[in-house]
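Order as written gives the chain letters A, B, C, D and E; numbering starts at 1 within each chain.
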Amino acid sequence: MRIGIADTTFARINMGEEAILTLQKKAFSDYGLRIKTERYTVPGFKDLPVAAKRLFENYKCDIVLALGWVGKEDIDEVCAHEANLLLMHVEVEAKKHIIKIFFHEKEAVNDFKQQKKIAVDRIQKHVLNALALLKGKEELTPLAGQGLRQGYDHAGGLK
Amino acid sequence: MRIGIADTTFARINMGEEAILTLQKKAFSDYGLRIKTERYTVPGFKDLPVAAKRLFENYKCDIVLALGWVGKEDIDEVCAHEANLLLMHVEVEAKKHIIKIFFHEKEAVNDFKQQKKIAVDRIQKHVLNALALLKGKEELTPLAGQGLRQGYDHAGGLK
Amino acid sequence: MRIGIADTTFARINMGEEAILTLQKKAFSDYGLRIKTERYTVPGFKDLPVAAKRLFENYKCDIVLALGWVGKEDIDEVCAHEANLLLMHVEVEAKKHIIKIFFHEKEAVNDFKQQKKIAVDRIQKHVLNALALLKGKEELTPLAGQGLRQGYDHAGGLK
Amino acid sequence: MRIGIADTTFARINMGEEAILTLQKKAFSDYGLRIKTERYTVPGFKDLPVAAKRLFENYKCDIVLALGWVGKEDIDEVCAHEANLLLMHVEVEAKKHIIKIFFHEKEAVNDFKQQKKIAVDRIQKHVLNALALLKGKEELTPLAGQGLRQGYDHAGGLK
Amino acid sequence: MRIGIADTTFARINMGEEAILTLQKKAFSDYGLRIKTERYTVPGFKDLPVAAKRLFENYKCDIVLALGWVGKEDIDEVCAHEANLLLMHVEVEAKKHIIKIFFHEKEAVNDFKQQKKIAVDRIQKHVLNALALLKGKEELTPLAGQGLRQGYDHAGGLK
C-alpha cells in the first residue's frame, strides 16, 4: 500500500510529518498494513488538488492525505472551499479516497496552543480513518452514526 | 437490483442501518423488487461522493443512498454544499440516481429528539423514492406537484 | 422531435402537466413541429440533472424542460444553485438545451395565488422558448434585447 | 476567422447587434482580419454556455462573444455566477476564448441611460479584445498592467 | 523547462514582466534550471484559465504562472473565485501546476504604494515556489509547516 502525504509551506505546523509519525506507529501494529509513503509539499492548500492528482497518477498512491492550514480571513475560507471542491473532483476521478484534513484558524483565533492541539488531533484521527478505508468499505461500519469528531472530543450517538 | 448505502461515522444516528431496515420491509412487499445492498461507511459526508462512485463502478450498484449528517455551524453548511455538488457530478457521470439524504442540525438546533425524528422520517421516505425510481421514470408521476416533503409533513399541492 | 419533461413531487403545482398542455396547444400550430414527449418525475429538483442526462442519453430527447419548485428558505436557494450548475453541466456535455424553469417561493412568500400565477406564466413562455430553440439558433434573434421576462410582464427594451 | 455572437432576449439592449456593428467597423480596418459571424440568440444568460459550446462544435467558431444582461436582484447575481462558471468550463474544454461580456444592472440601478452607456462601452472594447486575441497570445502584451477597463474609463497603471 | 506567464491588461502593474525578471535572475543561479518563457496576455483574470490551458497544450509549458489583479468590489471577488476554480480544473486536468498569483485590492484599498508592494512581493516569492516545484515534489518539504506567506512577512511556524 502506498500513501500520499500532501502538505504546505503555508501551514504553521509540520502537518505532513505529524501524519507520517502516526502512520509509522499505527499502520502495521493496529491495521496489519505494510505501507510506503510519498511526500509532496506545495506552497498553499490551493496547490493540493494537483499534487493529489500527481500522487495518484505518477506515484501510484492508493490513498492521499491532503493537509491544509486555513488562515483566519474570509478570503481564506473561500480558498478552502475551492480547494475542497477540487480535491473531491480529483478523488472521484481517481476512484480513490483523499482524506481532506484542514485546520481552520477560525476554530481558535489567535490561540496558538489550541490551534496546534486541534490540528494534531485531527491529523492523528484522520490517519486512522485512512488506514481503515484502505482495509475495506465496511471497516468503519461498526462506528457508523457514532458522532465521531476529528479535532475535538467525539459528539457521540444520539440515544 | 443492487442498492448502495453510503453513510458516515460523523452522523449521530445510524443512518445506514435505518435505510436498510426500510429497504428490507418495503422493497419486495410494496415494489416487488428483490434487492441486494452494499454498505460503505466513511468518516464524513465529504467522503460520500467517492464512496458513491466506487459503489457504482466497483460494486455495480444501480442506485446509491448517500446519507449525511450536517453540523450546525456555517462551515458545515459550506461542506454540505460541496458534497452535494460532487454527488451530483457523480450521478450525472454514472447516469444513475444518488438519493441525497442529508439531515442539517440547523433544522432543529440542540433539540436532539426532533433531530432524530426529522432524520428518520427523511430516510424512510427517501428510501421509498429510491425504490420508485428503480421501477421507472414515471413511477412518481402520479405524485408530481403534490408538494411532498421528507423530514416533515407534506406541504401538499396548491389548489 | 422528442422533448423531455422532468419535474418533481416536491413542487406544489403539476409543472410537468402544465408544460405538456402548452406543448400540445402550440408545437404544431405555432411552430410546425411534430413532437413526442418523455416524462420523468423525481423527488426534488436536485434530482433533475441526472434525470435530464438520462432523458438525453437513454430516451434520445432533443431538448429537456427541467421544472423545479424552490422552497422559501435560504438552504433551498443553495440547493437551487447546485441544481442549476449541474443542469448546465449536463447541457454543455449533451450539446443540447435544457430549459431551466424554476419557480422560487421567495418571489411571492406565502401568497399562493401569486406563486401559481408566476409559475404557470414562466412555464408557458419557456415552453415556447424551447420550441423556438428547436427550430434554429436565430429563431429568437428578432427578439434579442427586447427585455423578455418569464413569470412577469416583459421589461421591454431600453430606448 | 469565424466569430460566434451569443446573446439573449432577456437583455434590454440588442447586445448582439452592437457587437456585430463594431466587428464590421474594426475587424479588417484595424486588425486585418476577414471574419464571418454566427449569431445565436437564447432566452437568458444561463443558456449561453450551451450556445457557446454549439457555436464552437457545430458552427466551427474560433472565438465566441457571450453577451449577458444581469438583473438587479441578488438571485440574478447568483445566476450570473453560474453562467460564468460554465462559460469558463466550455472555453477550457474548447481551448478557445469566450469573451464574457456581462452588464449588471447593479452597476447603475434604474438609471437606464447610464446602463446603456456602460453596456455599449463594454461591448465595443471587448470586441476589440476578441480581435486582438485572435491575432495572437502576445497581441495584448504591450497593454499588460495598464489598468484597462470595459464599461468605464481605464484605471491606468500604477506608477 | 518551459514556463508559461499569463497576465492581464486589467492589472495595474505589469505582473508578467515582474515575474519574468525574477525568473531571469533566479532560475539558473539558484535552481540550476535553464528555462524558456511563453507570455500570454488576456483582458481580465477570468480569461486566465483558457490561456493556461493553451499554454500547456499548444505551447508545451511545464508550469504556468497565472497573474491576476482583483478589483475592490464584491463582484470582483466573485469573479476571482470563478477564475480560481477553473484554474484548478485546468491544472488537475493537465497534471501540472498553475501557480495562482492574485493580488486583491481589498488587501490595501486605495493605498496604491502598498498595493504594488504586496503584489511584487507575492510575484517574486511565488516565482521561486514555481521553480522549486519544477525541481521535484520534495523540494519544498524542508519548509513544510514554516508558515510561509507571499505578499507579507512570513507568519512562521508555531512552537
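Everything that follows uses one rule, which is that contacts are C-beta pairs under 8 Å (C-beta built on N, C-alpha and C of every residue); 3 or more make two chains touch, one makes a residue touch a chain.
Since we're looking at a predicted model, the values are computed, not measured.
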Reaching chain E from chain D through chains that touch each other, fewest steps: 1
Co-neighbours of chain E and chain C - touch as defined: D
Cα-superposition angle relating the copies chain D and chain A, to nearest 5°: 145
Same or different residue numbers at the chain B/chain C copy interface, by half rule: different
Whole-Å gap between the CA centroids of chain A and chain B: 26
Mean-CA-position distance for chain C and chain A (Å): 41
In chain A, residues with contacts to at least two other chains: 85, 89
Sites on chain B touched by chain A in the complex: 7-17, 38-43, 46-47, 49-51, 53-54, 57-59, 75, 78-79, 82-83, 85-86, 89-90, 93, 112, 115-116
Residues on chain B engaged by chain C in the complex (per definition of touch): 77, 81, 84-85, 88-89, 91-92, 95-100, 104, 106, 126, 129, 133, 137-141, 143-150, 155-158
